[in-house]
Amino acid sequence: MSLFKSRNRPPQEDSNDLGFGSKLNAPGERLLNQDGSFNVLRTGRWTWTPYQSIVEMPWSSFLMLMLGFYVLANFVFAILFYLIGPDQFNGVGEDSEMIKFADLFFFSAQTLTTVGYGHISPRGFWASALASMEALLGVMIFALATGLLFARFSRPKSRILFSKNALISPYHEGYAFMFRIANLRNNSIINLEAKVTMAWLEESHGKYTRKFFALPLAREKVNLFPLNWTIVHPIDENSPLYGKTNEALEKMQPEFVILISGYDETFAQNVHSKSSYTYKDLICNGKFKPMYYEEDGHTVLQLDRIDEVEVLAAENVALPK
Amino acid sequence: MSLFKSRNRPPQEDSNDLGFGSKLNAPGERLLNQDGSFNVLRTGRWTWTPYQSIVEMPWSSFLMLMLGFYVLANFVFAILFYLIGPDQFNGVGEDSEMIKFADLFFFSAQTLTTVGYGHISPRGFWASALASMEALLGVMIFALATGLLFARFSRPKSRILFSKNALISPYHEGYAFMFRIANLRNNSIINLEAKVTMAWLEESHGKYTRKFFALPLAREKVNLFPLNWTIVHPIDENSPLYGKTNEALEKMQPEFVILISGYDETFAQNVHSKSSYTYKDLICNGKFKPMYYEEDGHTVLQLDRIDEVEVLAAENVALPK
Amino acid sequence: MSLFKSRNRPPQEDSNDLGFGSKLNAPGERLLNQDGSFNVLRTGRWTWTPYQSIVEMPWSSFLMLMLGFYVLANFVFAILFYLIGPDQFNGVGEDSEMIKFADLFFFSAQTLTTVGYGHISPRGFWASALASMEALLGVMIFALATGLLFARFSRPKSRILFSKNALISPYHEGYAFMFRIANLRNNSIINLEAKVTMAWLEESHGKYTRKFFALPLAREKVNLFPLNWTIVHPIDENSPLYGKTNEALEKMQPEFVILISGYDETFAQNVHSKSSYTYKDLICNGKFKPMYYEEDGHTVLQLDRIDEVEVLAAENVALPK
Amino acid sequence: MSLFKSRNRPPQEDSNDLGFGSKLNAPGERLLNQDGSFNVLRTGRWTWTPYQSIVEMPWSSFLMLMLGFYVLANFVFAILFYLIGPDQFNGVGEDSEMIKFADLFFFSAQTLTTVGYGHISPRGFWASALASMEALLGVMIFALATGLLFARFSRPKSRILFSKNALISPYHEGYAFMFRIANLRNNSIINLEAKVTMAWLEESHGKYTRKFFALPLAREKVNLFPLNWTIVHPIDENSPLYGKTNEALEKMQPEFVILISGYDETFAQNVHSKSSYTYKDLICNGKFKPMYYEEDGHTVLQLDRIDEVEVLAAENVALPK
């Protein structure tokens, strides 16, 4: 007797959902935060991964961590040196125990950073041996600390500016969903690709399901990115936006998840950028104002004008906000 | 006269085997260890490749290697300094030879790490020259050591959690082989791809041959990986699992080799993950319990529940274990 | 009532323009500067991104920045040390205030670079504490500075030489646009790809529009790049160059934008190279002279001959310059 | 009147030649040296590119360069310090000028490496200022030197072993050209791809032309590479090897250029490997002996047996050597 029943064709899962799944999230919540991170908490397992966690923590935490570690390490070594005996060190005088301890603390700092002024120096065997170990440890630890510092500083980030709003505007003979991005830097990103997925809620018998649709774009790729790029999804009958009234749109609670990727010449690596527009970020019947002009044989790109939208006469169209 | 005979079409080799080849391994052995490494030993040639070997050795070995090298290098330099003569150094006193040697040993450590307290310092020409060389050597060697330390620390690793078991469960109108993975970290991997290959033994006249089959998946790729992902192979007539009884399955000794790859945003690099499930890791007629819920507008992902399986009523199906 | 009107097929934007857009630039201006950078200025937003800006600034600016920062940091710490009191330091003598300040300035430099001679050393608590902090800061800052220095030095750059001129020459039974490139280094780039886009102006009713056309190449890729490679666009009826007289060409103000990419084995990374030829760089009816010959079983590539062009008898053809 | 003549279809250049071109090299010379580098010399232009040149030079040259630079830099600074005056330094005694100069030389070394013992230390303003500059310079220069050292050490190299000989052997019902490769390391390379191009000479009227042909392989890719891989080109009527006698083969002077690429998990990067077999490396009617066996549930791969070939009875076939 056969264990597994048959089926004629393996059913393909819908790949439009980008990996979010259809059951996720109550109405009104976003999938992606505005900064591109997921709207998800993780529990139940220790997910501390030293490298990634330190590289991704805020700068203030990182600096506090470095400083805290430095003070703590010196404190521990000062205790060890003190246990060996302050008299085992040249330059630690006949002062109070407090001052002796402070001297050993600063001696530790001078050893850990390999400054080694030498006005305090180890005399006895164990003092010298421990100081040697601390110097080794210092070199290794500062290698990690400075490597992490540099990794944070040089981490590939795309410098792409997104327009604050997305528009639904006349385009050719129909309408289109569009937003624009600009390259913050000159001479930077090549082979830029955009992918836009619309997520929305569909009610059936009082239960909400999240639907996904990869919006076809008028252009999905540019080879060079010298100025701004308006990314356009023309709304045709296949589009989930097709024929929707303003009320219908509000009910759908659409979220437009944007993935941008390209090769950054400075980092010599691919960089990725995520963002999302929700219903509240939509402007209907608007038009982006031009953001560059010619001057002295150069093109001048005005990055501060990326959000400027001219609202067209709303003939027969209800603006969604 | 012609040297090489003809053939009508170049026969294509079966590429399902991933590169393992069909003759490999006696019954019951795995191709891949649970940690994703190959079940292979290499002999007959010196395969020490300094960078890779040091980067891949366990942390304990690495730290012992660093420490051992440090002590050895100081020992060698102490001998050379001693041969030049302890009297060629300021601060090496009229003590026993043992203490003089210890002083030179610690002087070497202070030079190698560039601490250079200076309470011991070279006086004569050869002492100074050798100390200069040691300082140069120290800078170079610690550059290697700390570079290796950081390379180990920052080595791109995917942080993907695999469910302990793989399931064979009802799926649509048929059955499917499935397992699930979760992203241990928030905001990390994009464009994740999965590839699952089944390897099994086929007996013919008492001789075992290993067969391979790339299992078609209901979905091979997700763009974003915010939560968990259940990877599903629907069992249809083309599947080597189709119509197999529990006894047949046990005889086949199936091994499911999993390759996962994706782009990690923290490392800004592609990361790869390998794993494998054997017959013993299979659960029949089970169903993964949900591992996330909604709370305060967030999705909470419970990573410790990834292994939780609800065993369904085994109507008419023999569980393989 | 429906909000968005329909359209039968989403109109695809022309992707020949590489991302430059059709409205850009007045006649006679170039899109790409000769060094491959965009002819664009950015305004209106602070686009300082520390890593990229420092990595891309000229070497002279970089060295001045390093030196300036070093002097400034020492000056600031010297002031702080002076405020704590010169008498808190061993080795700062009974000199003029000026000399005391200079001593503290140099002490700061010795601390920041972790040289730490020790002829000046901190005595009091606050002097020692501040010196410890400076040593920590010094290690961190020099990690950034040296990391940036090395990042600049090791930044992947393709070493591709472009011929000074592009030619329009007889090719098979017709004509072709061609230029040549050479690999400056032995054993370097593999899987080299070329992409050539022609941009030109078209006048209609006194208004200029920029047109773009991706020129089909006789060969778009080489696997190995041992010598030079002549990149050829055969001019057929689909080419915007087809049937143009010299005067027509001059009016079109063509610019040929070149993108080259390949994998550099030394950097173990993909490298990219951009360049552009304008109308002024065109030579009509020329022919590149061979730039290599055989000697002692080697091929000798003469890189200085890359620009050498033999002008053919201009039968019936007006040269565009 | 039209400038450029027409052609119906742009003729595609043959892309089988990998980029070598058809005119290259006299009979008997190889295109690729055995180590995978090109058999090409470059002249006529200064092709020194600091990073690549230093990373690719032999280790002995690199170490001499470092040492030479260190000695030279110290020599230059010693001269500058000497010009400022030995009396501007503490610890430079009333010795001969020679000894004073040596003291300043070693002081420079102690400053450059930031050891800074302090038994010699700058006293005057200019001495202190120059020493500060040298310390800054030392930190920067050693950053470059150690970065280069580590870049050399950690440079991604594939560790692939090629069999010494390539074989032409019976395969299915015909013959095949084959060679084998092995992975020197455990757990290393994935998605390995092979590309084999045959280059040979064809005489016509006493003039030799080099022809190229990309050999179709029975398998072009393996996903995992746990053991060895025999790369097979089955010889059918389209193959340039088809029906060739031994004498014909010798006249053709075939060279088989091999490109291997794959993703190395340790380096987390793609690695590439080039090699070539010439006529002299061919063995006819041989068969590779197996190079692994089973033991204790492991597969043991004997890397030293990669070259072992069993020569079959040469029935009716002239061996080409």
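Note that the chains are named A, B, C and D in the order they appear, and that numbering of residues resets to 1 at the start of each chain.
To be clear about the criterion, a residue touches a chain if its C-beta (ideal position, glycine included) is under 8 Å from a C-beta of that chain, and two chains touch if they have at least 3 such contacts.
The UniProt protein names, listed by chain, are A, B, C, D = Ion transport 2 domain protein.
Computed from a prediction, not measured in an experiment: that's the story for all the values here.
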| item | value |
| --- | --- |
| Mutual neighbours - chains that touch subunit C and subunit D alike | A, B |
| Numbering shared by both copies at the subunit C-subunit A contact, with half separating same from different | different |
| Maximum centroid distance from subunit C, chain identifier (CA atoms) | B |
| Chain centre separation (subunit B, subunit D; CA means) in Å | 26 |
| Rounded Å distance between subunit A and subunit D, as computed from the means of their C-alpha atoms | 37 |
| Junction residues of subunit B, two or more chains touched | 110, 114-118, 147, 267, 269 |
| For the subunit A and subunit D complex, residues of the former touching the latter | 114, 116-118 |
| Subunit B contact footprint on subunit D (complex, rising order) | 66-67, 70, 74, 99, 102-103, 106, 109-110, 113-119, 142, 145-147, 149-150, 153-154, 157, 159, 161, 168, 172-175, 184-188, 190, 192, 216, 218-219, 221-227, 229, 232-237, 241-246, 248-249, 263, 265-269, 284, 292, 294-295, 297-305, 317-318 |
| Subunit D partner contacts - residues on subunit B that touch it in the complex | 1-13, 15, 18-21, 24-26, 29, 31, 36-45, 47, 49-52, 55-56, 90, 110-111, 114-118, 121-123, 125, 128-129, 131-132, 135-136, 138-140, 143-144, 147, 151, 155-156, 195, 197, 257, 259, 267, 269-272, 274 |
